[in-house]
């Protein structure tokens, strides 16, 4: 669908400078953009790059001026671009339907507006909300509840009794509610600790491909609303993650660890069990949080074991100079030796 | 099903103090427990917490005494709890059946007591044992053998000629027997080293969601009995893992590495190829074992490259004090300089 | 199929010493080989091991001489072995067929020579090339293009508009073209940055089980020809990987990072966004490349943050000697203190 620049300005509530009738049908990078693609520029440097683009319309800072482009002005062009792109290029949600190959238990309650793809299996007592889209090869275990306007990409597995809120998006290969990892060794063998707890994923959570989130062993694993999780992340049993948090790819979180709101965890960071990360803390890539550790609100930590970034940098700078420090130490030792010899003469 | 406290005491062979008729139908945390849930207390502190629970029955140390609870006494309450929970809340195993949508090759031999779910594909010459439960979307490649009472959760893949023992549990997304990773670069391109070996998973092994275990390149990949593997773990070609070992999430093991019995590997640790880890060694989280390295029996190692925990701690304590050491070194240098100047006067 | 040693010598263009009629039907390790298995020996030590094998034919260095074995001589026995094994034990590619349970959109163009397995879903406007083999439970999203002689193992997912070249092999659980990970926080919530770019995987790429490769956010994610990727690897949006590169298991590459040709990345290494790795660089296991970092052509780097291997080793050697350095520093301080005291007397 093609829109006009003025329509977009109205949708976003922004001031427009230039041609209000400029057509818009997509969103792109300045380099790849065609005339109908929207682009954005966060800085003066980026605006220069935007000006040499084939695009006609650009989201830019309020002080941006151009004789060649139609400019929509905003203090946060990237945010406006994210909103605009979703509006210009909506995903083509299917109309309500249940594919004839889907195996849906009689006791399941699937909303009339839901779209169930080929080779989906929905077990007993499942509830699926309005406009929810379940793509091929998804498995929804018995007693699970899925809210409205969710999207399960192909090959998602929900173990029995999983609960999803509204507008939850699970990418391919995601496993929700599998058994947590806990054993007691005794009498010459491993005994499985019960993994019979719950898993709740709140509204507006998105989970990346092949990520795994275990149910609680006895209590609850809880991913709170608007939290975003990347691919290949592991979330253990009884973990709690607060609202609006960001977990980058390959992060691993051990059992019973709690993350607050707005926490950002960079890629491949790992958490021992029973750690606590307070609101808005930032965990660096590959950092390691020891079991039981508390990271205070707003702290930025790095390294294994993790410590405040400033301290890590200082320590690390000296680590890089260790060969030099060792040489200086040796030089002092020679001075001291000589002084001792001189004194003994 | 509801049981009586006395029945559980008899099943576990434990002394009971309190009401032998107390009903039991589940297992829980003290905080979440209802009156019919069993709880456990490993210590005096936990027993206090248990006493304020709504639960009636508690597994506790022999010296625990309560006027309010029915107490089952044992030196290892957690182990008894694991056994009791499995007994009180057995998973509801399906009765024998082959779903009409399952595609089972004529040459496959599926035991009459097995349960084959919707949209399962079983190829030629596969053998499936008694009471084994294969859930939807599992793929069992030709010539594979699955023992008795195994459970394959939805979306498990067994490559051709994989072999599983009895009571093996594979969680969703597990891939067994995929090609190992080996190439020879020559004549301007990568040539694949043959990946035509075997994969054997012994009795009572459990494997977490989306974990991958490659077949041997020429020889054998072998996971021995009662070993437990968490989610998103990578086990390379020709790896051998001894009995009762524990591999926590996101561990990666390169080709031809051998782990002994009772080895514990914490999350995100990585192993180079041809390493050897002897029985009962413990590998710390995120540790890195160099190729060919030998970790001795019972050792606890940490860091990359991994070294004994005690040594790691000592080295790391000084690492954290590097800025201080550098300042002290500078102070000494000033003293030495002054001494030299004084001497020259 | 059984071949003769002379046929193999001719196929590889190698000199043969011994029995030209020796039969060959497989490839193995010297220890496991039967009389008809080909083996190889890269060194004099390995050749000794080869001589005590039950195998009759051995690929060995030009100077190898044996009275007991039939020897095929080559400067690169391992490379010759890889070629020979593929020739002796070809994978049994199925004949052209579309399984009756496959759901193939009418608008899809599947080459007559392709083999489509049970429960495959192929959406609108997909193109599948000659002799391509798509195994059960694969999902090919609309508008995707798959070249000739590709193999998609069970449970592969291609998101809409993915593009694969020829002879691409994707192992089970691979996800190609899922949404990249990017959000803009504003007005109290996360807004998804558009993930509407492209994904192209060139000829002769192989991708291991459960690996995930995201599409470009706006531009392109591009895996170039003959690159080999192991299991559980994460490749972010807009990443570019040059020809013939090797990515070992559990590597993670953040958005917009570029790798050159012939790059080798060892297991569990992680890359921040917008890093650049030039041709033939080698990244050590668990190394961490900071965002925006440039690794020069042919460099070998280690550690987090990554630095040249030689420098890492030197620094690390002193790290291991930190307790000793600290003791020596203390000894010097005592000497200095005593000298000061003496001077004050």
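When the chains are written out, they are named A, B and C in that same order, and each has its own residue count from 1.
To be clear about the criterion, contacts are C-beta pairs under 8 Å (C-beta built on N, C-alpha and C of every residue); 3 or more make two chains touch, one makes a residue touch a chain.
Small disclaimer: the values here were computed from a predicted structure and weren't measured.
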Chain grouping by contact, computed as though subunit A were missing: one piece
Fitting subunit A to subunit C on CA atoms, where both chains share a sequence, rotation angle to nearest 5 degrees: 120
Same vs different contact residues, subunit B with subunit C, by half of numbers used: different
Whole-Å separation of chain centres (CA-atom averages), subunit B against subunit C: 26
Sites on subunit A at which at least two other chains make contact: 119, 137, 155, 173, 210, 232, 250, 268, 286, 319, 322, 325, 329, 332, 336, 339
Interfacial residue positions of subunit B with respect to subunit C in the complex: 103, 119, 121, 137, 139, 155, 157, 159, 173, 175, 178-179, 181, 183-187, 189-194, 196, 210, 212, 214, 218-219, 232, 234, 236, 250, 252, 254, 268, 270, 272, 286, 288, 304-305, 307, 311, 314-315, 318-319, 321-322, 325, 328-329, 332, 335-336, 339
List of subunit C residues in touch with subunit B within their complex: 26-29, 31-32, 76, 78-79, 81-83, 85-86, 89, 101, 117-119, 135-137, 153-155, 171-173, 204, 206, 208-210, 226, 228, 230-232, 244, 246, 248-250, 262, 267-268, 285-286, 316, 319-320, 322-323, 325-326, 329, 332-333, 336, 339-340
